[in-house]
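In the two complexes below, subunit A is the common chain; its partner is subunit B in one and subunit C in the other.
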Partner chain A sequence: MQCQRVSTTLACFICRRNMFTSRRSYSQDEKLHKSIPAKPTWQDVDRSTLSKRGVVDDATIELLERLSLVNFNNQAGVKTLMDAVALADTLQVVDTTDVVPMDSVLEDRDLNLREDIITDGNCKEDVMRNAALTFEDYFVAPPGNIPLETKPASRYRDPDEEDQDKR
Partner chain B sequence: MHRSSYRLQAYQDPKLAKELRSGEVSVSELCNRCKERASKLNSLNALVTTTFEQAEKHALESNQRIQSGNARHILDGIPFAVKDNFSTKGIRTTCASKILQNYIPAYTATVVEKLEECGAILMAKQIWMNLQWGDSGCTDSIFGPTRNPWLYPYKEREVTVQRSDTQEVQDTDWFISGGSSGGSAVAVATGMVLGALGSDTGGSTRMPASICGVVGLKPTYGLSSRHGLIPLVNSVDVPGVLSKTVDDAAVILGAMCGADPLDSTTVSLPDQSFQLPDEIDIKGLKVGIPQEYHSPRLEEEVLQSWSKAADLFENAGAKVIPVSLPHTQYSLACYSVLCAVEVASNMARYDGIEFGHRSQDHSSTEALYAASRHEGFNQVVRGRIFAGNFFLLRRSVLQICFNLMTT
Partner chain C sequence: MAARNVMKGKTGDWLAVIGLEIHAQIASHSKLFSGSKVKFMAPPNQLVSFFDAALPGTLPVLNKYCVEASILTALALSCRINKKSLFDRKHYFYADMPAGYQITQQRKPIASNGHLLFNVYDDVKREKPRRHRVNIKQIQLEQDSGKSLHDDEKQQTLVDLNRAGVGLMELVTEPDMSNGKEAAAFVQELQTILERIGTCNGKMAEGALRVDANISVNKPGEPHGVRTEVKNINSVRFVKNAIEYEIRRQIDVLESGGTVVMETRSLDDTGCTIPMRDKEVVQDYRFMPEPNLPPLVLYDDTTINSTICQEKAINVDTLRRRMPELPEDQRQRLTEDYGITYSNAVKLVNEEGLADLFEQLCTASSRKETKRLMNWCLIDILKCLHQRNLTVKQSPIPVEKLSDIFSSLQSGEISAKSAQKLLELLFDGDSRSVSEIMDVENLRQITSEEEVLKFCTEAVNEEPDLVEVYQSRNKKVINKLMGIVQVKSKGRIEPQLARRIMEELLERRRRR
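The block that comes next holds the complex of A and B.
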């Protein structure tokens, strides 16, 4: 049966054309196209010259755990954040004076608006279906207004401790 | 990574179209073949949930339409799969994460609906990285890593990958598929399906496509609807296409793009057919080579490929000129901040109450939230949430975020 050669593609519905017919193998001695720069073009950013640097101290760690409602887990988690902050700090070298902020990826297009007519609804069962715990059409939550106990950030000092908050 | 000398069966069968339309091959047979292949290649770990029963039913319906000359679209009868972050009504959608391990959406993503309306047959949901954040190897999911098929020996008559192939490939010796749409890339590369949807935020469709040797397309933001795509970074996410050829990608894109009243960030184009002409003439086309794309530590092979592409365009008649995109080197830092803040915002919905993993800690609402999220999120996701919340702190917003929007 023709179908034995399975790995078939949709291209059979449209004429195939092969725009690029030449084949080359690569070698380091191949001369680059004249438009391609031979060497990297990036400028180094000396982080020691950055004036404003993000600070990740114990108070920040405790605040972030409170806001994020997850824990860092170990020292590696804290280091990951510090690396992310250091990377963001390098953006200071870019002068953005008088540049209007972009607030939409679509730039100058307006987002589509639709008429304010109800087109959906009566889907209570769909909405409730995925909740692990419900009671008579209510989602169930434990008592609120009890602040989460904050654990001290100093528990992440130990680099060997794998998971400070194993549950 | 070296290209294995074992070649996957990746050529195209130019007769398939005619065979489907003429009835020599039925849609059911095609889907069965894809299903068999998926089963035999199970150890590549590309699929999370299969929908073979439903696919069988749709295949019969599609076949009837084709036989009676009423095929809905060129994609009618074609098996496809989608990454497991596209909502599919009644079919588990896990995001390869514990936090959504048993989540079953009540609606289907617009782009998936559009492909199904064309008659394409959904075969499976595919593995990807845990909530789309992790290393770019697609190794982070709760279902285990996805393996690149190019390492394994190919046998002409019997397409299978068995753990007993240890003479040539040790079980612990496998290549990454790339991420985060690794499962989709593997499924297309191996012929489990003929096209797949991934999602692309920072390369998540293009990277695994490159590593698995298939076409990966990130459409321009706004072309395809994100309704039903479980969001990571709303301002950068785009449903992406993986296929064997560029023609196929164009067909799939044409079928799934378009303005959607359920996603206000979609745009309409006057001509959305995306038909590629039979003969492509690029004489006079100006192609820019951004000088700043030569980044530090660029691999020699990539540099040579870049140069080759420039040569090819020039030989075909295009005008290839150097251009400057002066802020390129800051783009990764920009991306890291903007993504982190949107991720922190998007992950806030996972509290265990309305859907998703719910912990047993009922001492207080906040304790439940924290425990559910701790149990559901892996280290990498948490790292992004912390970074995002750091950048969203009052003291950081003006200093970092505002400057970013102007970079």
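The block that comes next holds the complex of A and C.
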């Protein structure tokens, strides 16, 4: 679609709809890249067709908190998590048969290799500068992993929601 | 199933199944993903770069030698090299791993499907070894963690990150072993191979080679039982003892009606396995691809030309050609080329550098008394080395001097005792030539019978009582007289000659 730079004339009024849909100005010769669709192509996904793979129950929330050390904090946090899982579930409609997964955009780059020479280290003061507690050039840590206080995830639940489930 | 595999329990026979996970520290100068120095025993946190301390804004850069070392190791173990391998993050929290994850190769390791054939000595006499084969599941590159020193008194842990980021090769075997002896023999052969190809120094006491054993037991005909993992094994001897203890423990538990818990156990000083503290019940490592590292692509002779950057690319076939002779090949060749027994070849090859020394001396020696030379290497030279805590490589004596000593020994110019003395002097730093020492220290053999007779006569005159005993009751006291002669002559008389002269002298005296 071409849109020309217009001055404030009546023609502008007619072209206004065009201007709003593509805000950049294009010269006569430029076209959109072929991978950009001319019109939006997304469709709503019918949630009822998806299998419930990402179930977020209390045990899962507790496990996630322990593994990631992210505190979900409040009900809004848990809802965000559930929404994220639901969004990820919509990927199920994509047919990935025979498609090799891509896990890095660097997949066709050469992995840079370093020669085996000593170029680093010997900066003990710098490395230890931010440590809260040190002792004779060692970092000091508690004796083992401190177990996370397991507060039950049910504290996130809305009282109304709980009643809903019970029905 | 051969009888050696079966263990006798109270309720019947049992079989054990053992697999090993071995972490071998790569003998590189710098770490796997950073340029810090790799050194055992250095002041704490001296060899730590910003990347090793997981300070933000740092990125990993792969060490070329570490990749080459894993390829060499994989080739030595007949593995298939994966031309494209990937790096992943393995997440868990521990104070000695500041990043909160370890970079490893979980999805696609650098090598897989190999095997190792080695000797197991089932009988105590170690005469006839049995060949056993263990398949290697995979070899992967990964980072080492730092070191934690636990101070129970002060309820704290001191962390030293010198070791954090050092390159490791993790070797995972299939569960192809059935007792402690087989596992220990496997580790020993692996040590010898790694030392030979130079990719790892194999010193378990220094933590350069760490063995974790997965052990389970079952009754014959039944499926594998629940397995436990035993960590912290730091010597070949403990590999055997820890596994044997754990097998016994599991059998006892099962025979008394209990169940074996799938857990990680540690080894205490007495060789018993104890449950490891502080292991979370649910361990989810949340593996994810390492986003900062593209795939590792390796080339061979057929594909090397396709890469733009040929100097930086690694050619597997070039490494294959660089491979030194492997220990087992050398053992076989020694028996074939030099006619020595296999068990002696094993002894020669076991001591790194000794077999090469033996071959060099054989070539230098004019008369081919390989057996005598072999014994000289295995007994005399090795004793001198061990007494001074030296490896063959660290020996101060050049091969030519050793060759001179041996040829004098062969020709009878010096006695075995004198040769020993020469060795000791040279090992202790004497830099004179061999013939000079022989002249100055008067080490040359006394071969004239007259001279020998002189010494014998002296001895006999000094000890009339001994002569009396010899003539009347006990012929064995001649050994005491021989001893005196050797002392007087400073060991320069060949024992058989001295004995003959002495016997003749005593016979003449008797007839008087």
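The rule is simple: the second predicted complex is superposed on the first by the 112 of 167 C-alpha atoms of A that agree within 3 Å, B and C clash if a C-alpha of one lies under 4 Å from a C-alpha of the other, contacts with A are read in each partner's own complex, and residues count from 1 in each chain.
Just so it is clear, a contact is a pair of C-beta atoms (placed from the backbone, for glycine too) under 8 Å apart; a residue touches a chain by one contact, two chains touch by 3 or more.
What you see is a predicted model; the values in this text were computed from it and never measured.
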Subunit B versus subunit C as contact partner of A:Phe72, first or second or both or neither: first
Subunit B versus subunit C as contact partner of A:Pro40, first or second or both or neither: first
Partner chain in contact with A:Glu107 - subunit B first, subunit C second, else both or neither: second
First (subunit B), second (subunit C), both or neither touched by A:Asn122: second
Contacts of A:Leu91 with subunit B and subunit C, given as first, second, both or neither: first
Superposed model, subunit A: greater residue contact from subunit B or subunit C: B
Partner chain(s) touched by A:Asp137 [first = subunit B, second = subunit C, both, neither]: second
Common interface residues of subunit A - those touching subunit B in one complex and subunit C in the other: 63, 67-69, 103, 106, 109, 111-114, 123, 126-127, 139-144
Touch list for subunit A against partner subunit C, complex: 63, 66-69, 103-104, 106-124, 126-128, 135-145
In the complex with subunit B, residue positions of subunit A that touch it: 1-17, 19-20, 22, 24, 26-28, 30, 32-33, 35-37, 39-43, 52, 54, 56, 60, 63-64, 67-73, 76-77, 80-81, 84-85, 87-88, 90-94, 96, 99-103, 105-106, 109, 111-114, 123, 126-127, 129-133, 139-144, 146-148, 165, 167
Touch list for subunit C against partner subunit A, complex: 28-30, 34-37, 43-53, 55, 61-67, 86, 91, 93-95, 148-152, 155-161, 277-278, 280, 282, 284, 286, 289, 291, 293-297, 307-309, 312, 314
